[in-house]
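Comments concern the structure below.
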Amino acid sequence: MELFIVTTIAGLCTGILYGLVGLSFMAVYNASKIINFSQGALGMMGAFVGYLFVFNEKIPLPLGILLVAAIPIVCALGINSFLAEPLVKRNFPPITVMLITLGGTLILEGATGLATRFSWFKTSFVFGRTPLKWGLVRISPQYAAILIATIVLCVGYWVFVNRTKMGLGIRAAGTDAYMAALVGIKLRRTRMLAWCISAGITGIAGFLIAPLMLSSALMGMPVVVNGFIAAIIGGFGKPMAALVGGIALGLLTQFFTGYISAGFGEILVFIALIFVLAFRPQGIMGVLE
Amino acid sequence: MNKRVSNDADSRMRTLVLIGVLLLLALIFPMVSNPRVMNFAILGLVGAILTLGLNICFGYCGQINFGSGGFFAIGGYCIALLEESLHTPFVFNLLAAAIFGGVITLLMSMFLVRLRGHSLALGTFAFSLAIYTSVAKGFKSFTGGEDGIRLAPLVLWHETTASDTFYYYLIVAVLAACCWLSWTLRRSRVGRAMLEIAQNEVAAASFGVDINKYLRLALVLNGVIGAVAGGIFVKWAGWISPEYFNIMSNFTPVLSLVVGGVGNIAGAVVGGIFIHILPTLMIGLAEFSTLIYGVILCVFLLFLPRGIIGELQQRYYNRGIIRNVNKVAGE
Amino acid sequence: MMSLLRIESISKNFGGLQALSDISLEVKEGSISALIGPNGSGKTTLFHVISKIIPHDSGKIFFAEERIDHLPAYRITGRGIARTFQIVSLFREASVWENVASGAFSRTKAEILPILFRLPSMRSEEKQIKERTMESLGFLGIEDLADRPAGMLPIGQQRLIELARGLVSDPKLLLLDEPLSGLNPRESDLLQEKIIEIRNRGITILFVEHEMKSVMRLAERIAVLNFGKKIAEGSPHEIRNDPQVIEVYLGKEVGIA
């Protein structure tokens, strides 16, 4: 029973990470029809900032969390303004824009790798290590923080996109860019906003998950893939569905690892993708066109 | 734009002469070089083969795939495991690797061709990562995990061990075969169908092209070529481990095409050689390679989207309308 | 004359909008027929349904008395139906030659192995493709354009290229979606002559047009759609005097006269 709970929580949390990355992918995709390959690297930047300032307790935690969101946002703005937008302006196809975000990813990871000599970041459990008890459930503070943060971020995202004027602008730009421009929505600014939000979310997610996995400059890559697959499994195009897909993936891999054997994580993810494509291509929450 | 193809006979003559010169240079190369340079050459040429494989998918069908590392791994491990368990000769193993690579890619592509564009790219990336982690961790008992498998040196006729020069010629032969395949494919109805898929799927389907079928074909060709390259490389290196197909190995062929020229045979070869030699050229600066790759990719996409060969053709050679196709810029 | 294309009760709904309602139509072999109707009446949708670019909700389609509505899009040309598009759908980056040659795809069959080894079968096929492409280009008077990139040409020439592509596929039925749209009077007259010539070669033609003069001149039978329903069908004379049709077109500047 103990193993079951632990595995479930672990699955939930790693799944949430994938889901948040998937959500970020969809946020950017919906606003600009571009897949931002650097999503994983931005998450890594969150972990890296944590490593630089927070885990060694050089600065107070609240300021640290701010930086953890802010620095990936700055990186995302850089990639967007200097790399992606020039191509978008020249009407390059979205796949090429994705390639240049891959370039941005390599630059971010390469630079971070140089700074860390491509070895692991030292992380620490900033929320303490004493497990919180709640009935039968013992949950580590880190996991609790992940769950809480996710709820906050998702609710915040939902509220922003569905209840604010700027959020409406993002949704409009994603649905029909031409019409949106006609009614006065500034497309480029809307895209930048979507990129910033997704970068902030991913940065925090990276920071939170860093103590639970081996963090290094290249940690972003599998995350990109898994986040994207989470989005597909949940239902491509719907940010909230990505969370569902991510949780499904996380639970699947954790249970397999916990009860059967480890080391098959990625292949399970791939098989899950194949399965979904074969039997339910619209994803768990998608609608078949 | 009133471009016309320059006189067919003239330009054909020019190309043939160029190819002849290159072949000659390639043949006499081993006699004028030293072991270290041979090393570079082999690395670069294997990279060129991988890039040519990718070119069929990306350059012709317009679909990026990040599976190159996976294909390479399939070929390499196939050779290593067959040698270890069945002690079959290299020729047989290589053939088996090619077939196995084709079969696995076919299976994978049957599901993935529903996807297009970025989804296909990430799907193939997932495939490659799946292979990497299964080999490195999951099936550790079979594959030796991170430690890898040792391979015996290749013994040729008269009991002589294959030298670097032998491998060099073998690789050049495979490279030439891939160039031939690309060339003849490009000039056939299937090649035209692939280009159509890249430009206008609805029109392509309306005129008889079964898009899924030809995307599968492109992926399978990519897989087979990658597996063969992997098999030969691994036998030359005498050793296989997951090191050889780390994450970057999925990106270097894509990078090579962008640098050389997407859809361009010469571009694939030039780009492939350059990008795959780069880390070894940067002695002592190996840690910079990721960063440099990123910078190169961005610089080329921003300023030289046609790639080196593409730009040269556009400006000086000016031959053939189709060479001016700029997949990257979507012109 | 037998019925070459027979459409039975085709319906198509787009998320609430009934684009096609129970459409039934017959096109006789060897004829030139027209499909007309105001914008949005479903003409192009019907073409898309016939060529299987979009699926239909109900109904059947018969071509030469064989059912074709269950086939995927890429098999339709092989049966003998070719089409052009309302918005020109050429392969923009390819040459005119390659565009027109693409029409021959469904009539050839060299696959990867004959191609790899350049077998005689593949080579003779390529030769045939070249001949038929040049013939088609010559028929439409655009053989000079063979090496130009198709995307760069003016619309008049692009429409001719689309037509040439359709002809190379050796069709029995040619579906033309607004072939005269965007052409100047001289180009339009030329194309109309070519359409008649094509019919005289034995190819059946069904075309969509807005330009009434050409419709009245070319078509032997006309079907009229409005809001996804067929409201009239008959000879040009009958259509010209049909009260429902007149009412639908009332207020339009181009009269039916």
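Some observations on this one:
Chains: A, B and C, in written order; residue numbering restarts at 1 for each.
One rule holds in what follows: a contact is a pair of C-beta atoms (placed from the backbone, for glycine too) under 8 Å apart; a residue touches a chain by one contact, two chains touch by 3 or more.
The structure displayed is predicted, hence computed values, not measured ones.
The most central chain, judged by the distance from its Cα centroid to the centroid of all protein Cα atoms shown, is B. A centroid comparison over C-alpha atoms places A as the chain most distant from chain C. A straight line joining the Cα centres of chain A and chain C is 48 Å long. One simple way to say how far apart two chains are is to compare their mean CA positions; for chain B and chain C this gives 41 Å.
As a whole-number value, the distance joining the C-alpha centres of chain A and chain B reads 31 Å.
Note for the complex: chain B touches chain C at residues 1-5, 181, 184-185, 187-193, 195-196, 199-200, 202-211, 217, 221, 321-322, 324-326, 331.
Here chain B touches chain A in the complex through residues 62, 64, 108, 111-112, 114-115, 117-119, 121-123, 125-127, 129-134, 136-138, 140, 247, 251, 254, 258, 287-295, 297-298, 301-302, 305, 328-330, going by the rule given at the top.
Chain C meets chain B in the complex at residues 51, 53, 72-78, 82-83, 85, 89-95, 98, 101-106, 108, 110-112, 115-116, 118, 122, 125-126, 129, 147-149, 152, 165, 169. Of all the residues in chain A, the ones that touch chain B in their complex are 35, 83, 86-87, 90-96, 98-100, 102-111, 113-114, 117-118, 218, 221-222, 224-225, 228-229, 232, 236, 261-267, 269-271, 273-274, 277-278, 281.
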